[in-house]
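What follows is a pair of complexes built around subunit A, which joins subunit B in one and subunit C in the other.
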Partner chain A sequence: MTGRARSARWLLALAGCGLVALAWVVMAVTPSDDATEAPFVVVSQLGERAEGRNIAVTVDRVVAAETLRDQGWEADGDWVVVELDIESVRSESGVLFSWASLQLGDRRYQASERPPNTIFGLPLSTGLARAGAIAFELPEGTLDEARVDGPAEAVLSFAVDREIRLDSLIELTVDLGTLESEATVELAPEAWGDS
Partner chain B sequence: MAPGTEEQAHDAPERRFAWLRAASDRVPTRWFAGIGTVLVLVVTAGFGGLAAVEAPGPGEIEAGDEYRNDQYALTVERAVLIDELSDAGISLEEGQRVLALVVEAENLWSEPLRATLGGGLLDAVTIDGLPRGTSVARVDDATYAPWMQPGVPLEVVITWAVDAEEFADGDRLTVVLNDQSLYTASFVSAGSSWTDPVPAVTLAVAIEDVGAGADTEEADDATAADATAPADDTEGAAG
Partner chain C sequence: MSGWWRRNAVPLVATAVLLPATFLIIGGSEWNDYFSGRPTQPMTARPGESVELNGVTWGPASIEQLDPPADAELPADAVVYRVTIEVRPAEEAVTCLPPSLHELQGAQREWGSGSYEVDWAGGADSWDSCPIDATEPFTIVVPYLVPADAVGPFAVDIEGVDLIPAFPRLVVEP
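So, the complex of A and B:
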């Protein structure tokens, strides 16, 4: 009798611990509030076409430059130039290349609007890729620091709206430390390319 | 014999503290409130009494000094008065001229900020007595309403359309640099933004009249080349 009562008490204690553990697991696997509205990330590789809901991107080349030139315009700085093909997939009405971003550590840089022929911000077409380049202006010394201090992973991301929540986001990770580098880069002229 | 000693032992402490009770009975406890009030007044009078104290106003810096807050590093370099400055994206009505501040700015936040949007430079840099500025443009390539990338300094002109008679060469302006607070939206809206500008420092800067719009380019070039030496002065010294 007493033996059975004791084992029942043990069972209860065990069940209690089990419930606490279960609660901890549920807490651990519950997505954060942000996760409910996070973008759908499509991871892309250099030279590989990545497709999302209404965006398809092929990044052809990522190059670092000390001087960026675009026709008559020129600026010195720490530039990261991205040559890419981009098109919309489902519709093209009012679809702009509105999000081009480079995340490095906790800082986020947006593609520069300064070079006259940047394709950042331009309208996109369905089935007809726009080929061209965008450029990111980073703080002076960032590229040198990345080369000296080793891996500096930067995440490039592209989308068709400044509101990226719950929409496709094409991402490409590059190492700024081992990036191809040129003293002067002429921004590739924009053109209509192959899809 | 024994009970008597016991009684004495009982009485002894009472008698020993009787004087204390007698003394405390004599203390005028009902005066305490009055004495306390007088004491407080006397002490506070030493620090200026109950007079209203002015809240600490914005501090003062000089033109050319850098001011930093959580959002920006700002250096107001000079103020110019120009006939027109269409490159900077400002259009004028009849009888108006352009008042322009040349400012070196750096975005210290982790996200790009647009100079002309809410939380931008038009809110961060204001002039006492004038409404919010009209436009912002880069000095080097005249990019209108530029984006400010984190940690990348840029030189801009912030412009106001003013009545031609309102300002003259040599007038002193009071420029106000404002601190803004980072507001992180929750519930229905989302994202972070800088709002609620509060004056942080002021600085006095003398207006320099550079005349017609044709001189504008020169003035801007001179600014880009050497912000501290106005073009006119250099020429004067050479001649």
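So, the complex of A and C:
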């Protein structure tokens, strides 16, 4: 074998390895099927207004409670109460506060429909915020576990439709372990908020 | 090679024509279905004017800003408008939904009937949409609760199943 043929063979082997590496990179950076229809996430902070396509949310307070009261209604449990201002940005026809969820690990909880006066499901107004509260009822012991075992990050998310694919989703991360906690929380009444 | 091109000239030209035509016809038909199934063609009437659609005369429309009563619970930065629309049906009864109010400038936001939030602002004996089986002229009166930073002129869009894809768009200036 001549030197020239040998170097050509090395070059081919190198090119082959390069192509395999390139294929691996392409596979690694290819978005998943879900990514093509994932919601557009807007990360929010407590007290900060976050705006998406047709939703603007300001979360004013997140508090844990053992007992939740709502104008005469009352229930014990592991409650996470979220006080917020919410409005639609562009249009209001058929626009409801339809998505409020708390993701903890691989479990997702929807805002409870048990308290009679939460603003979950409320019709929204364009440019005029409604203020009020929603509540999540978690399995018993979840909050105690979070306090003992340390960081338990929960992601709150809000949207104007149950169909969140390719639409704006406002997200706020809270640590259930260090969350402000009260024995009894009275649900904030629904009112006009600050736009 | 040139011989091959010449021999296959007819199928080649056919492919060049038919391939884009296939996409255009299928895509065009899909888009046509999409646009004809929803209100996409506004028939615009300028302030004080009316527009005729399906034999029905829509408008003229007017808008006035209302002073809320002392006990009304309203957001601090909100304005209440009342829109009045004259409608003269043809021989057949006309149907329509409560009209929506659109900003024509800026963010082009949209508001629906505020007859729930500001129930005092509607007309006492009037309709906020087309009355059922209306064959006589009638008036639609709709209140809107709008943030104070919304700027006129506004468009009042009236949607009706029988009208789609056209719809009357009546421009009103506060």
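Assume the second predicted complex is superposed on the first by the 194 of 195 C-alpha atoms of A that agree within 3 Å, B and C clash if a C-alpha of one lies under 4 Å from a C-alpha of the other, contacts with A are read in each partner's own complex, and residues count from 1 in each chain.
FYI, contacts are C-beta pairs under 8 Å (C-beta built on N, C-alpha and C of every residue); 3 or more make two chains touch, one makes a residue touch a chain.
None of the values given here were measured: they were computed from a predicted structure.
Peer 1: Just checking: does A:Ser112 make contact with subunit B only, subunit C only, both, or neither of them? Give me first, second, both or neither.
Peer 2: In the superposition, A:Ser112 contacts subunit B only.
Peer 1: In the superposed arrangement, does A:Glu137 touch subunit B (first), subunit C (second), both or neither?
Peer 2: First partner only, subunit B.
Peer 1: Does subunit B (first) or subunit C (second) touch A:Trp192, or do both, or does neither?
Peer 2: Second partner only, subunit C.
Peer 1: After the superposition on A, what does A:Leu128 contact: first (subunit B), second (subunit C), both or neither?
Peer 2: Second partner only, subunit C.
Peer 1: Looking at A:Ile86 after the superposition, I want to know if it touches subunit B, subunit C, both of them or none. Which is it: first, second, both, neither?
Peer 2: neither
Peer 1: Which bits of subunit A are touching subunit B when the two form their complex?
Peer 2: Touching subunit B: residues 37, 73, 75, 77, 106-110, 112-114, 136-140, 165 of subunit A.
Peer 1: Can you name the residues of subunit B that touch subunit A in the complex?
Peer 2: 110-112, 138, 140-141, 143, 146-147, 149-152, 190
Peer 1: What part of subunit A is in contact with subunit C in the complex they form?
Peer 2: On the subunit A side, the touching residues are 89-93, 123, 125-129, 191-193, 195.
Peer 1: List the residues on subunit C that touch subunit A in their complex, please.
Peer 2: Touching subunit A: residues 73-78, 100, 107-112, 116-117, 145-147, 149-150 of subunit C.
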